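Dropping the structures in below, format is structure tokens.
One chain, chain A, links the two complexes that follow: it is found with chain B in the first and with chain C in the second.
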Partner chain A sequence: MIKTKVTIKNKLGMHARPATMLVKAASKYRSDFKIIKGDMEINGKSIMGVMTLAAEQGSELELVADGVDEEHLIKEITTMFENKFDEE
Partner chain B sequence: MKTMQLKTLFHEMKDEFSLNLLTKQSTLEKNISNPYINRPGLALAGYFERFSYDRVQILGETEISYLQSLKPEKLYDRIKEVLTYDIPAVFITKGLSVPDQVVFLANEMKIPIITTRITTNKFYYLLGKYLDEIFAPTKTIHGTLVELFGVGILLTGKSGIGKSECALDLVERGRRLIADDAVKIVLRDDVLMGTSTNDYGHFMEVRGVGLIDVERMFGIHAVRVQKRIDVQVELMPWRDNLDYERIGLTDNIVDILGKKIPIIYLPVSPGKNISVVIEVIAMNYILKTYGYEAAKEYTARLQQDLKNKAKMRKLRMDDKE
Partner chain C sequence: MKECKGIPVSEGIGIGKAKFVTKPKFEIKKKNISEEEVDSELERFNTNLENVLQEMDYLIQNFSHSKDNQDILHTHKMILTDPEFIAKIEKMISQELMSLEQAIKKHFTDIIAIFNNMENQYYADRSSDYEDVAQRFLKHSMNLKGLDFSKIDKNSIIFVDKISPSEVTRAYECEAQGIVLREGSKNSHSAIIARSMGLPMVVCLGHHDNISENEMVILDGRKGKIFANPDEKTLQKYSKLQEEETTRQKQLQKLKDKEAITKDGQKVGLMSNIEIPEEIVQVIQSNSAGIGLFRTEFLFIDRKNLPTEDEQYKIYKKIAEKISPHPLIIRTIDVGGDKLSSILNIEHELNPNLGCRGIRLSFENIPIFKTQLKAILRANTTGNIKIMFPMVSCVQEVINAKKIIEECKQELEEVNNIEIGAMVEIPSAALNADIIAKECDFLSIGTNDLIQYTLAVDRDNQTVAKYYKPTHPSVLQLIKLTAEKAHKHQVKVAVCGEMASQEEYVGLLLGLGVDELSVSPAKVLSIKEKIRNADIKEQQKRAEKILQMSTAEEVMDFLEKE
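After this line comes the complex of A and B, so read on.
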């Protein structure tokens, strides 16, 4: 199991487009993937779940991956956060 | 290009249009290859530039009275000139009588002259509609057509994926079946119409059972003869890594006979109740037609929420009091 913390850097926050990007990327892997924000814990492969977080710019999220390809999953997802989901 | 035998038109519509052939029976050996109609007034007056001779010609009261006003020699020459063109057929409306010379010449040139008892305007409309139907682009697609809440849904997908079973489930829920296995599609007035390829009933093959008669089994309310096709739903086996639509902000479009309609790629796996999803697709289509798109509404609310939150966070950080 890997845990890592990320911060949302893009201006618009976790809206529909980045949420779709994230879920599509995560769904490729076999590991379980959870995202934790405060007292909310959601399945990172569920689009409604990710959007329910309503994570705005500057908020902090904890990514938890558990499974055979957990490292690859976390690597791809954290890169997405760093690249601001190709947004401003 | 499609063609139609004039003979077929004559025999099919003889009673409905009250048609009567003035020329010899052999003149009916002609083909119509143009769905449009022409009124050859100018050609009769001697102007042959851009004369649409390949269309069916209609002569009404005006044309006939003009012909009657001509001197016999002039009439002969003019008609002869008109009939040198390869005209598919000449229709005379209102049961008007034609000068004998015209019939004689038409027999010579092997061009049929047919009278109808219907008035010019009405016949123009009826014949146009009939030819439109004959010349309309058609296509037969492997699929099942159902109607629910007034929305026509064309189910497609590989054999054995469960199209018929899905239709059966929908019929049991009070929806209607139009055609199973093969759907004949006609593009008419920019609308895709689907019907069955046969007209002897709504039969369906259910794997492991054999043929069933849907109309007998579920009642007359379970079937329908034709329906406009609004949405195509392609059923496909569930695959883990395939990119399925998650939010629904973008519409996929399919082109059928040049008309574009939305298509939904629906993953199917054992134990999933597809008919409920099909009903949801139909209702969502209605909502979209009325201007309500759930995906847009949701994402707009989410974006507003994110904006507000970011603003509050900034306010808190800037607050030094």
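After this line comes the complex of A and C, so read on.
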């Protein structure tokens, strides 16, 4: 299991487009993937879950991946956060 | 007696009983299932889910219209493939014994509530995505249809909020006396259909609230009046008018087999406009010399998915065969993105009339355009089909469209040659009619849009509708100019707008140099009467006189006095 923390840097936060990107990327992997924000824990492969996090710019999230390809999953997802989901 | 005044939309008189028609309620009848039904309900979930996803894939693939819109569809698709969603619905069905619809409703209501409670407005607004998805799914699973016409018969006057073109056809098939709408306008497609069928229609904004079901009602489609529970005198008056109308129709029927030829022997091509294939019945009945405008929008609006090439091919071929040897002029898709919103979730353009519509929409969506062109080319086995492009503003658009036709031809096996034409409905096209005519086999003036674009009036905007004036001298000059310029290249000019269907303008249009008229099927015979009573030379002189006038009102006065 890998855990890592990320901060939302893009201005609009985790709105529909980045949420769709994130779920699409995460769904390619076999590992389980959870996102934790405060006391909320959701399935990172669920668009409904990711959107209900309502994560705004500056929010801190914990990513938890567990499975055979957990390293690749975490690497791809953290890169997406780093690149602000190709937004401002 | 109660009297209401509305907007007249389709002429004629109806006398009958008021029948209020509504859309079937969005009501989930079956909320729970038994344990034996669990398996079939789960299967129904899978099938419907597959169908909805297929529909969405199709939309995503075929509409490159806007990236934003594609993104939205991708998000919606993801909502439906969400593992949590699927697991939850399956659980509600198998463990809580909910019906599929009830489970879907419960699931989405819960999520929408979560979003609505969010403080950040952006996230709160996301609830609309979930509402859209829920609606899309339920429409599929409940197979929701349009208005419920079960109680409509030949003595009915239909009262309804709004109506789609196909529902007007159903009203006609039920032989209803007429339709009263709460929302609509004279230029809506439903209104156009009602006129082609000679079905009286009036738009009345809420004034009919005090009319009750089954009350006796008279509908005056020419003046836009409604009389409920009429007194003896009014009833007699209108019964007489209705009879007279029937007599006149019988008289006009005698012209059916006569030629559309002026007194001084000039033949005028008198064709019909149609909007939906069913109207071919009226066209044949009226003995038109062809179809001068087949609007193909019905294939794209009011429905869930895009028509395939084969579906279009079958429709075009059937109509071409029925009207042969007369021509069938098919206009390629002429909708704005706004009209496609039911299948596309397109964002509103600020100014759709000046936006991506007509041939522009086709150029932006080449796969859709080519599908339509190929269907037309394949359907032309009888050799009587012609293609017409809407909203042409410059000759380059015609040249580009012709290139695409050539591409389509090469991708198909042997097809017949096909004539092509352009609509003249933007002032620039009228001013450049000679340049455009060189690239075309025919031109057709769409007066509705030509007036709208010349006078900068949105004809559906009730506040400014009074500025919409067919007899405005600038409009008449553009019509004359188009005819003159096209004739230089031996290209014929038709008028297929509403103006051609109005008796009072027939002489004027012929005098301005128009060669052909394409009119509403219900108007073919009365327009033929006008043509047969006209003398071209006289009309030309008259048109010259009219072109000297300074206002639309002056022209109207002159026309009325004659």
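Here, the second predicted complex is superposed on the first by the 88 of 88 C-alpha atoms of A that agree within 3 Å, B and C clash if a C-alpha of one lies under 4 Å from a C-alpha of the other, contacts with A are read in each partner's own complex, and residues count from 1 in each chain.
Keep in mind that, in the parts below, a contact is a pair of C-beta atoms (placed from the backbone, for glycine too) under 8 Å apart; a residue touches a chain by one contact, two chains touch by 3 or more.
Please read all numbers here as calculations on a predicted model, not as lab measurements.
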Chain B versus chain C on the shared chain A, clash or fit?
-> clash
Thinking of the overlay built on chain A, is A:Val6 touched by chain B (first), by chain C (second), by both, or by neither?
-> neither
Counting only touches as set out at the top, which of chain B and chain C does A:Ile35 meet: first, second, both, neither?
-> neither
Given the touch rule stated above, what does A:Thr20 touch, chain B (first), chain C (second), both, or neither?
-> both
After lining up the shared chain so the two structures overlap, which partner does A:Met51 touch, if you call chain B first and chain C second: first, second, both or neither?
-> both
After lining up the shared chain so the two structures overlap, which partner does A:Leu61 touch, if you call chain B first and chain C second: first, second, both or neither?
-> neither
Examine A:Asn43 and indicate which partner it touches, taking first as chain B and second as chain C; both and neither are also allowed.
-> second
Just chain B (first), just chain C (second), both, or neither: which does A:Leu73 touch?
-> neither
Would you tell me the residues on chain A in contact with chain B in one complex that are also in contact with chain C in the other?
-> 12-13, 15-16, 20, 23-24, 47, 51, 54, 56
Tell me, which parts of chain C touch chain A in their complex?
-> 71-72, 74-75, 78-79, 82-85, 111, 114-115, 118, 120, 122-123, 126, 129
Touching chain B in the complex: which residues of chain A?
-> 11-16, 20, 23-24, 27-28, 47, 51, 54-59
For chain B, which residues are in contact with chain A within the complex?
-> 240-241, 243, 246-247, 249, 295, 298-299, 302-303, 305-307, 309-310, 313
Considering the complex alone, what residue numbers of chain A touch chain C?
-> 12-13, 15-17, 19-20, 23-24, 43, 45-49, 51-52, 54, 56
